[in-house]
Amino acid sequence: MSQFSSSPESGAVHAGAATRLRGLLLRWETALVLLLAAAIAVNSVISPYFLDIYNLSDATTNFSEQAIVALPMTLLILVGEIDLSVAAIIAVVSLAIGVCSDQGMAPYGLMLVGLAVGALCGAFNGALVAGLRLPSIVVTIGTMSLFRGIAQVALGDQAITNYAPEFQSFGQGYVVSWPPVPNSFALFLGLALVFGVVLHRTRYGRALYAIGNNAVAARFSGLNVARTRFVLFVMSGLLCGLASVLLTARIGSTRPNIATGWELSIVTMVVLGGVSFEGGKGTIPGVVLAIFILGTITWGLSLVNFAGIEISVVIGAILIVTIAAPLVLKRLARRFASGSS
Amino acid sequence: MTIEPMVDSNEPPVLALSGVCKRFPGMTVLQGVGFTLRRGEVTALIGENGAGKSTLVKILTGIYGLDEGEICVGGQSVHFASARAAWAAGITAIHQEPVMFDELSVAENVFMGHMSVTGAGLVDWRGMQDRTNEILHLLEAGFSATTPLKLLGVAEKHLVEIARALSHDSRVVIMDEPTAALSTREVDDLIRIVGRLKAQGRAILFISHKFEEIFRIADRWVCLRDGRQVGSGAIADVTSADLVKLMVGRSIGNVFPTRETAVGEPTLQVDGLSNATEFADLSFVLHKGEILGLYGLVGSGRSEALQALFGLSRPTRGVIRIDGKVVAIHSPADAIAAGLAYVPEDRQTQGAVLAFSIVENVTLASLRRHSSGAFLMRDRETATARSVAERFAVKARNLDQALGDLSGGNQQKVVIGKWIATNPRILILDEPTKGIDIGSKAAVHAFMAELTAAGVAIILISSELPEVMGMSDSILVMHEGRVVRRLTRAEATPELIVTAAAGTLESNVA
Amino acid sequence: MILHRRDILRALSAGGAAGLLGATLPYPAFAQQKKLRIAMVVKVLGITYFDVSRHGGQKAADELGDVELIYTAPTKATVEDQIQVIDSLIAQRVDALVISANDANALVPTAKKAMARGIKVLSFDSGIAPEGRIMHVNAPHDDLIGASDVQNIAKTLNYQGEVAILSATSQATNQNLWIVKMKDEWKKPEYAKMPLVSVVYGDDVLDKSYREAQGLFKAFPNLRGIISPTAVGIIGASKAVGDAGLTGKVFVTGHGLPSEVKPAMDAGIIQTFQLWNPADLGYAGVMFAGLIARGQATGAPNTTTHIGYLGDMPIESDGQTYLPKLLVFDKSNIDEFAKQF
Amino acid sequence: MNGSSILKRREASLALIIVMVMAAVGVRAPIFLAPATQLNVLIDTSILFMLVLGQTVVLLTRGIDLSVAANLALTGMIVGLVARAAPGLPIAAVIGLAIAVGLVLGLINGFLVAVVGIPPIVATLGTLAIYRGTIFILDGGAWLTQADMSKAFLHFPNATLLGLPHMVWLAIVVSIAMWVFLNFTRRGRMLYAVGGNPVAARYCGIDLARQQLLVYAISGMIAGLCGYLWVSRYGIAYVELASGYEMTVIAACVIGGVSFSGGIGTVPGALLGGLFLGIIANALPVIGVSPFWQMAISGFVILTAVIVNARTDKPASKIILSEAKRAAVGPR
């Protein structure tokens, strides 16, 4: 360790060396880019239908809603929390939209109801986690049952299906006709940009990293940790609301089992993106890349008619291998270093 | 306390190290360390932070392996593959922060890792508890084997650690800064216990930054600097000045800077600050350029009171005025806005974000000033961090180095720098030099003088009498949540402060 | 700006042909291939019932000649997963889709998209709402099935004793229709001493069906019969009867596969049950799809088409054609059918 | 034993709640309290009891095993396929095979967590997908039904010994074994140490990796055993068998006071958590409440349990001021 030099050259030293942490993340994202490139290449070879603008556009609709929820989930996991109730919130929101739709509410009204109910559910989680200082994994396992349970109780033996075509066009429409960019995908891209800028360029983002790395030190430094956690849960609920509006509109139907199991897919996206459960580590570009990788692989394998469960095996394996690889490499490197000395 | 060590110089040393080397990727942390520990002797291991003391402890307790050299126990060369192997060889350590299990009972904490079993292979709860109670009795502990650990205080937890060492019947007991979190009275108790261990013929390796303690209990000393052993010998043959010189490689003149006491007008007035269980009726006036020392035993409520002042907890009562105006402080953010800054006691968990770079740590408490709108300005951040690093002579490769890679003293400099970056008018320093090396300590003290000269008011919480007395213009002594004595610099004597802090009654600080 | 799906469709049908051709440029051969590709999409993989219908479909494909049959399904019986599967088939530009829907309405947008891209969409077994398909190949008429279910249990119980229904999910279209028809049949005077006491739902999940049946025994101590018009429910109900030691007291009937129900019949818990032949459903579905895709049939209401061994099948005014016959199984014929499916 | 009265009080209050629920259901439908019904509840909950205990040891080490239900389903399928191929296989061999397969699957989790160092939630999320998928790959998604299984295979779980079905006996044996293991063996106590304070455990010479391997192995073996029981009890094996059941298991642990932050949890607590969910699941159909309520109720109960536990867990604030002085300070 050399003495920190206070001479003017130190600027050069500073500019020349990237943060250790950032360097690591950079490598993670490089790996993801390579993985994505590989996935695209393999897909183009195994299926002649892959590189088709309409097909790719269709492919995005199948993950955009989940991807939207992955953004606030990234921030939550970054600060050391988790929201397992996301899929259940989607179900409750869908229920609320359905009930209002049956009352004849206008499409934009339904959208607002969706966002409001989502935010409310998020606020409920947030109040329990931030207010009562309960562990979020337990709280959201509870609300996961509670929210979906409410949907089951309310819907009982019916599904709500008579959605107005104007409302359905939210989920089925396109922002521009050529190239055909579905609304949900465009929204995801826009939100990803906003989340990326906020996380990586603003003081709010810095605060999130600080809380994720050391919540106590962050609190002692004047950051409002509890409020931040609360806001993140509300944000998660809000975007679940948006995702639910898009999903409900896309399939034009509300059933209590809507979006079953999505929480695990969403968490998979975030984890593959390099966000660590220990908190304080991960980037939005990483998560976006992971989403594209998962989307590409899923789509490619479905084009050759792999069953969904076979695709999930592949994804499970990719998840384990990508998380394990750096750990194993690091260990090998250490062994090599100590062996050679 | 007149227990004569039972030294028999014909016996082989209990523990002998020779040529011990340890490397981590990219650096050598220990090189050529060799000394011996003998029955019934206390050997003090001294050195600045980062000198390699902790690494040595980890090697001796089997947490790390060593790259070169030899460890002999009772004349036999040994190799520790795990903590268990070190135990088996009769070496146990009492760590600086108690490493224990809050959810388990005292007996289990004592015997975890080496529980005895009955013939049926089941845990012998009865025997374990009896054994523990015996040892606790020996240590005059006021709790029993079945007490859940979470109900004990820090000093009592240290007793449990000592009981653990005794349960192993260890020949070598390593104490890694056992007094760092203890009050003076508790330190006395500990020293008495060390004396007893000595009388039982155990060899003790005692690590401390406090020369006063070292000269009280140690027979021999070993000094490390930058991973090398730079000297060893009998305590009787050296003075503290000699040791300081060896540790830092240069001599340090006067430990505390001389300050022009130019106390200005009042800036912070606290009136009747209280909460339900921890402190009551804290009132004082702090002037510009003043250093107000706050002395008290651990658990006297001093940190709790000032944390409440800083908005980290809610007081039930009390009025805070800054420059004559009543301010409402409900959160640290309010406190920062009011011109307060608080450097917390526990650097690792409360002060530093170890994964963050120096820059990111320095600007954490003043993000708003380092951004335009919501957007962070990297240039502004770097400029602030550079000025902090230069002012404190922070040792680091560059400003983007993660704080976790720096030594404790340098981490502390950055943490203090973080608060300086908020331009505080009132700075609260909670044990700012706890567990940091002498060089860093001096830098912190010099900096305090510099700040007060610029009109900043400082509240200094410290358990170190010389520090409180050397730095403060006036001193408040707290006991059981209340201020029991107010002293000016001129009035203060160690006896006055210590008796006040101990309270008139026999207090049991749990 | 949000474009309505109708606009997109218009754009597609007008300029879309050119666009599609453009997109296919790298693989022009596929657009000209004459071999017909028909995809059969069922509710979920792994159900024997659908495996049998697949055999029927394959038989039809063989008879049609030069047809490639793609058989696929989601691995979870949810509509979101089914949409994803159908999207991938649309992308592969199959010529026809024969679908058993998890949700009648939710598949409509996807089905419309398929039709807009020139794919013939039919439903079989469980229908898509009329606007989402050309025609639907249905099981025998609901009133026939419903009435026969009630008659089956009445014969077993000799028109005496309390009876309950254990259905699949509460939203299952088919089951709900049959229950309505059962209730119609029940109004007849000969069932006066055989009241219907409860309708419960086992969600087509075995342990839940089992537990619901147990709940029925508790709630209705005088229960004599259970009608379970679902292949999972009938197994769960008869297992519960056997385990509760109620064999001979409580009898089960309903719909099931002979091979799966045979053990319960051998144990005396079931005396008679029924089903149409799922192979016939698959056969008719694929046959219709092939003929329509080749322009040899229109699938329009009020037309009749000759469907191989099933003979002439009329499409009724509701756009549905019904299988002509129902199979009722009892001791006399179970062994023979159990070998088939 | 650990003399923490807080834990005991928590279990007592949970037991009280269970009694109250049973009484309330009993008022509506007296038959629910009949011994036969209660036995049914016990039988129906046996599998949950065992799985909850398996999950408890994992949670004790700050881990989580999301793959239990997938392990159960895969083991069930493998055992079913083997039993179909060799109908004459003695039942002891079948059970041994189930435990062995479960053990292997558990060790895979253990390897990923302990040796490779993947966070447990990620590792078991991955294996959850892989194990389920393997069922599909094994048999192409086909179902195994009673017709594929021998009489002995189907008969075992419900056959009785001293008036209780084997399944209940197995649950009792597993519970006692686990109780002894966690309270009276060194390794069991070490689990509390590892979860309570991993750093301190290391200083005590406890090898964290070995403990982790052990708990995932235990969880896996139990899941494997339950795989056979589930398949034979319901006479069916398919891809989606027990799908999502891991959440029920985890919920039972939460209700039973097992902490996610490690080091806290007891066998009686975990069993009571399982019993609670078992009673709810069985009581609703009996009192004629729509089963749709089940999920909402269990969610509500989980949240209540968490809030109550958090209250009792709060460390008493350090009291520095003596009683008299505090009275003087008091709130205004």
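Before moving on, here are some points about what is shown:
By letter and in written order, the chains are A, B, C and D; residue numbering begins at 1 in each of them.
We take it that a contact is a pair of C-beta atoms (placed from the backbone, for glycine too) under 8 Å apart; a residue touches a chain by one contact, two chains touch by 3 or more.
All values reported here derive from a predicted model rather than from experimental measurement.
The chain pair with the larger count of C-beta pairs in contact, out of A-D and C-D, is A-D. When each chain is reduced to the average of its Cα atoms, C sits farthest from subunit B. Centre-to-centre, using mean CA coordinates, subunit B is 73 Å away from subunit C.
For the pair subunit A and subunit D, the distance between C-alpha centroids works out to 29 Å.
Computed centre separation for the pair subunit C/subunit D is 37 angstrom, with centres defined by C-alpha atoms.
Subunit B and subunit D have centres, each the mean of its CA atoms, that are 43 Å apart.
Counting partner chains per residue, subunit D shows two or more touched chains at residues 136, 141, 239, 292. Annotation for subunit B: no residues touch two or more other chains. Residue positions 45, 75-76, 170, 201 of subunit C each touch two or more of the other chains.
Pairwise chain contacts in this structure: A-B, A-C, A-D, B-D, C-D. The residues of subunit A lying in touch with subunit D in their complex are 128, 132-135, 137-139, 141-150, 152-153, 155-156, 256, 260-261, 264, 267-268, 271, 276-278, 307, 309-310, 312-313, 315-317, 319-320, 323-324, 327-328, 331. Residues 1-5, 7-8, 11, 19-20, 23-24, 26-27, 30, 45, 70, 72-76, 78-81, 83-85, 87-93, 103-109, 113, 117, 170-171, 176, 201 of subunit C are the ones that touch subunit A when the two sit in their complex. Subunit D contributes residues 1-4, 180, 183-186, 188-190, 192-193, 196-197, 199-207, 263-264, 315, 317-322, 325-326, 328-332 to its touches with subunit B in the complex.
Partner subunit D is touched in their complex by these residues of subunit B: 61-63, 82-87, 93, 95, 99-105, 108, 112-115, 117, 121-123, 125, 146-148, 150, 274-281, 299-301, 304, 316-317, 480-482.
Residues 112, 116-119, 121-123, 125-130, 132-134, 136-137, 141, 239, 244, 247, 250-251, 254, 260-261, 290, 292-300, 302-303, 306-307, 310 of subunit D are the ones touching subunit A in the complex.
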